[in-house]
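Provided herewith is a single structure, encoded as structure tokens, for subsequent inquiry.
Order of writing sets the labels: A, B, C and D. Residues in every chain begin at 1.
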Amino acid sequence: MKIGFLGLGNMGGPMALNLVKAGHQLTVFDLSKPAVDQLVEAGATAADTIAALAKSDVELIITMLPAAQHVKSVYLGDEGLLAHVSPKVRLIDSSTIDPMSAREVEAAASKHGNLMLDAPVSGGTGGAAAGTLTFMVGGEQADFDAALPVLQAMGKNIVHCGPAGNGQVAKVANNMLLAISMIGTAEAMNLGVSLGMDPKVLAGIINTSSGRCWSSDTYNPYPGVMDSAPASRGYSGGFGTDLMLKDLGLATDAAKQARQPVILGALAQQLYQTFSGQGNGALDFSAIIKLYAGGKDE
Amino acid sequence: MKIGFLGLGNMGGPMALNLVKAGHQLTVFDLSKPAVDQLVEAGATAADTIAALAKSDVELIITMLPAAQHVKSVYLGDEGLLAHVSPKVRLIDSSTIDPMSAREVEAAASKHGNLMLDAPVSGGTGGAAAGTLTFMVGGEQADFDAALPVLQAMGKNIVHCGPAGNGQVAKVANNMLLAISMIGTAEAMNLGVSLGMDPKVLAGIINTSSGRCWSSDTYNPYPGVMDSAPASRGYSGGFGTDLMLKDLGLATDAAKQARQPVILGALAQQLYQTFSGQGNGALDFSAIIKLYAGGKDE
Amino acid sequence: MKIGFLGLGNMGGPMALNLVKAGHQLTVFDLSKPAVDQLVEAGATAADTIAALAKSDVELIITMLPAAQHVKSVYLGDEGLLAHVSPKVRLIDSSTIDPMSAREVEAAASKHGNLMLDAPVSGGTGGAAAGTLTFMVGGEQADFDAALPVLQAMGKNIVHCGPAGNGQVAKVANNMLLAISMIGTAEAMNLGVSLGMDPKVLAGIINTSSGRCWSSDTYNPYPGVMDSAPASRGYSGGFGTDLMLKDLGLATDAAKQARQPVILGALAQQLYQTFSGQGNGALDFSAIIKLYAGGKDE
Amino acid sequence: MKIGFLGLGNMGGPMALNLVKAGHQLTVFDLSKPAVDQLVEAGATAADTIAALAKSDVELIITMLPAAQHVKSVYLGDEGLLAHVSPKVRLIDSSTIDPMSAREVEAAASKHGNLMLDAPVSGGTGGAAAGTLTFMVGGEQADFDAALPVLQAMGKNIVHCGPAGNGQVAKVANNMLLAISMIGTAEAMNLGVSLGMDPKVLAGIINTSSGRCWSSDTYNPYPGVMDSAPASRGYSGGFGTDLMLKDLGLATDAAKQARQPVILGALAQQLYQTFSGQGNGALDFSAIIKLYAGGKDE
């Protein structure tokens, strides 16, 4: 299929490469020349401007951008996609942004005649490279069905979450719970160890009991409990503290607009902000356990 | 085996019955005559006092009491177990109490020559009746091995957590994480639904993503998501709010003594205290989602 | 002086009336005809549109609007003030909005040649009627000096907080601390009373000790402690829960943009959201003490 | 008057000295010989044991001990005060302990025939030396009246808080509110400064507005705002972080026993525990502002 791809960063670059590998014809755009060059070497065509990409003969355009302000600018700006694209072209935004902004852009696309999906991902740069991302997709069922084969070239788990914006809703709700569970796991592990338990034994018990969660059984934050987790390699790699902080900002913003309390969610945001402010923004988000220094030295 | 059993409440009663059914000879004590009568009908022998039970020819005594003050009184009081029991008798306390108190009682037992295990359970009254409890056991390995067949008559999952007191440590750490996960799941579910998602779809996504936890995939607090959960029967039955509040009190107390911060744990305790104070102490602990009334009516 | 006044709501209406009473010639605009009529009866002139007001011969325009979106629209819109006003006219925005939006609008005004102040108020509708408001003012010193006599017709305490936007900064910082102190006072009062103290005696001790704060000594949330406080008249009147919730939203948003943790501030926001979601949004903000029902009935 | 004084630490030593200076005849006891020697040099008599002090001809005994366990041991132990003192001797405990323990000891004293007051202090070592402490006193009015002249030799502000235990209640309630206000002030100051305000200007505005509190107007935690505050001398001296942490532990314990939620109070305790665990336990409690490192470096 002829696909336009906009945004070739740490996530978008590998995702676009997987589309090329799957045999699609890609036209790409990014402000970074090296990022574009890498795709061109792999067989993609470069577009000079967003408008040029919009006016090319692609059937589908995928965007992967850092934040809502970029998504709004790229879609709604005077030189943006909707100003130049044909109504026949389908649109997929894989950026992680707040649900309200996603719905605002999708409403504009719909008014212009374009079918649009919001399809944020989870799985990190590793999943992007391996083509094993999870896509949480909002939009019409038929549009989802049509997009499925393309998304499957980049991911393994493709979930339809309901109408427009629901992909973003699912992502912020899941990631807020993830942050809460991770901090809770950090507290429970540190509490148990400070009271005399072996961390592996404690993790084993939790993982077969009602405290079990992804943060305890798949990504345990206590060093040495799981060889494969960032905790066992100095909290390098993985999903960064500042990315989690961004997602918690989206969750609490969305909650505010919905007038929905998220008490632990807001506290999790503040704890990640505190931890980031102490210079740890680049560490994996499971490093939050380091905020809990007490107990061991006394 | 000849076993003494002290404390025939909602949990202890069914546990003792399972021991009788498994062919053990029980001598029982409780302040409640009906509770004792039920066991006697099933084949047990009644002891008139704690001292009488201690002086009978039992090889093992199991206690199941409401709180640390009762455990201390029953074991350490002038008319208590240690004052009258032979050093040969092995002791198991299945009460849920703070680890420090457990270790204090076990040290006294050890000084008196008795081997003692702390073996708190999870699984609720349903698990007690069905004989499917989880036992988290602290004490010496040989003593654990010797007690295993007896514990297996009352439970399915018997875990050795390390030296004396570690059963209690494992329980408070697990249950604190459980409370945090439950509140986090409640917030994430309410947030998603208030932003337009179907609760079953949202739960399905979380349960295959990184937010997955026992509270989301086995005991979801949102009504209608899981037929088997208390949320789908008005939050009746299950594990009561006030019981969770008690366990959170044990966790934060133990954390204070260990000088270990448990930020979300302490907030969870306060939210359960607030919810209980609003008259909901008898509801299942997943009913905490009702504290989050906002979002829907606006 | 010839003054334009835009926004004649609960606060703006009485403020404009005080300017008329002080002898100023007012040209006013509001979407509500009754609100405009009241000012016209008092001697003001009505403008039909924002553009008409901007093009009239006023020397100064004051705006008092509900939220940042209205401020941006009124100042920056195609039919807004900056599109039609002469560069000689000075501008004062008394709305409470986030500092970043205030600075954005002030930068646009400055580019257009207009001197602009942000001057949010505290003191409520009572202070607006009595002309005893506090104005927290951001902008250049000379512009502040020039505006002082006009502001003194509406308020008693006029404080220069530094350059553009700092009026808003001072207001959100103060009100966030106010919310935290109020909840803290509610907790301390309820704790003391539940442990057996007389509320008046407790308040008296706190008010001469290190716990002393405006919420304890001027606006005590415990019923009966202070006859003049909303707590002693069913939490009617005063500063509404939903208004405090709005200000806490501004504070946490500004904190997020500044990457500054506000842990108690964010929790205060969530507690007010929870309380509002339980149907209490119209009560005075000191009613948050009602969230703490526990202790008394047990 | 002939007075016995037990506990000559950082607080008790200077308090006892002030009694000697006021002309009272003191008999003192402490485990530390240097502490006793200092009082003897000033004119006091040393007692060799608690029992000896109890059996001497004193009319009043004052105790100043670190924690509830010491108070219980000194009063209720086999070799303690109540075992040896005449019922005519009046008792005053100035230790800061939980209200329930205070009431337990006072009930035992009352049963033995002794009038007893709980009289915890605030004002720190500086106030102890200068004789300007605040005493919060629980007990009968007549006993309070009788003790007043003695207490006035050690303090400036002597407040009767109601029946036995209420001195402790007033202290824990006040200090919990103090901790919350201090953290709130730290957040508000850091928020304002990170958004561009001068800290002195911001403090000045808060101190004349509704955010005003002792922590902002008398003990501001931002360096340089108040020359007299610990913040302006590296957070040395003052009221230590670990002492505040102890008082927050008493407050949350008392709240738990009263089934009274203290949401911000519990979070304040956790933040002080976190801060202490990062190695700051000896700093003045206003140093908690250092936990909020964010905002400035980004």
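The rule is simple: a contact is a pair of C-beta atoms (placed from the backbone, for glycine too) under 8 Å apart; a residue touches a chain by one contact, two chains touch by 3 or more.
Given the structure is predicted, the values throughout are model-derived calculations rather than measurements.
Interface residue usage between chain C and chain D, two copies of one sequence, is largely shared: over half of the residue numbers at the contact are used by both copies. Ranked by separation of Cα centres from chain A, the top chain is D. A count of C-beta contacts for the chain pairs B-D and B-C puts B-D on top. One inter-chain figure worth recording: chain B and chain D are separated by 38 Å, centre to centre, where each centre is the mean of the chain's CA atoms. With centres set at the average Cα position, the gap from chain C to chain D is 39 Å. The mean-CA centres of chain B and chain C are about 51 angstrom from one another, to the nearest whole unit. Among all residues of chain D, those that touch two or more other chains are 255, 259-263, 267, 271, 273-274, 276-277, 292, 294-295, 298. By the touch criterion given at the top, residues 99, 122, 134, 136, 157, 159, 161-163, 165-166, 169-170, 172-178, 180-181, 183-185, 187-192, 194-198, 201-202, 204-206, 208-216, 218-219, 251, 254-255, 258-265, 267-268, 271, 292, 294-295, 298 of chain B touch chain A in their complex.
Within the complex formed with chain C, the chain B residues making contact are 267, 273-274, 276-279, 291-295, 297-298. Those residues of chain B that touch chain D in the complex are listed here as 249, 252-253, 255-256, 259-263, 266-267, 269-271, 273-274, 276-277.
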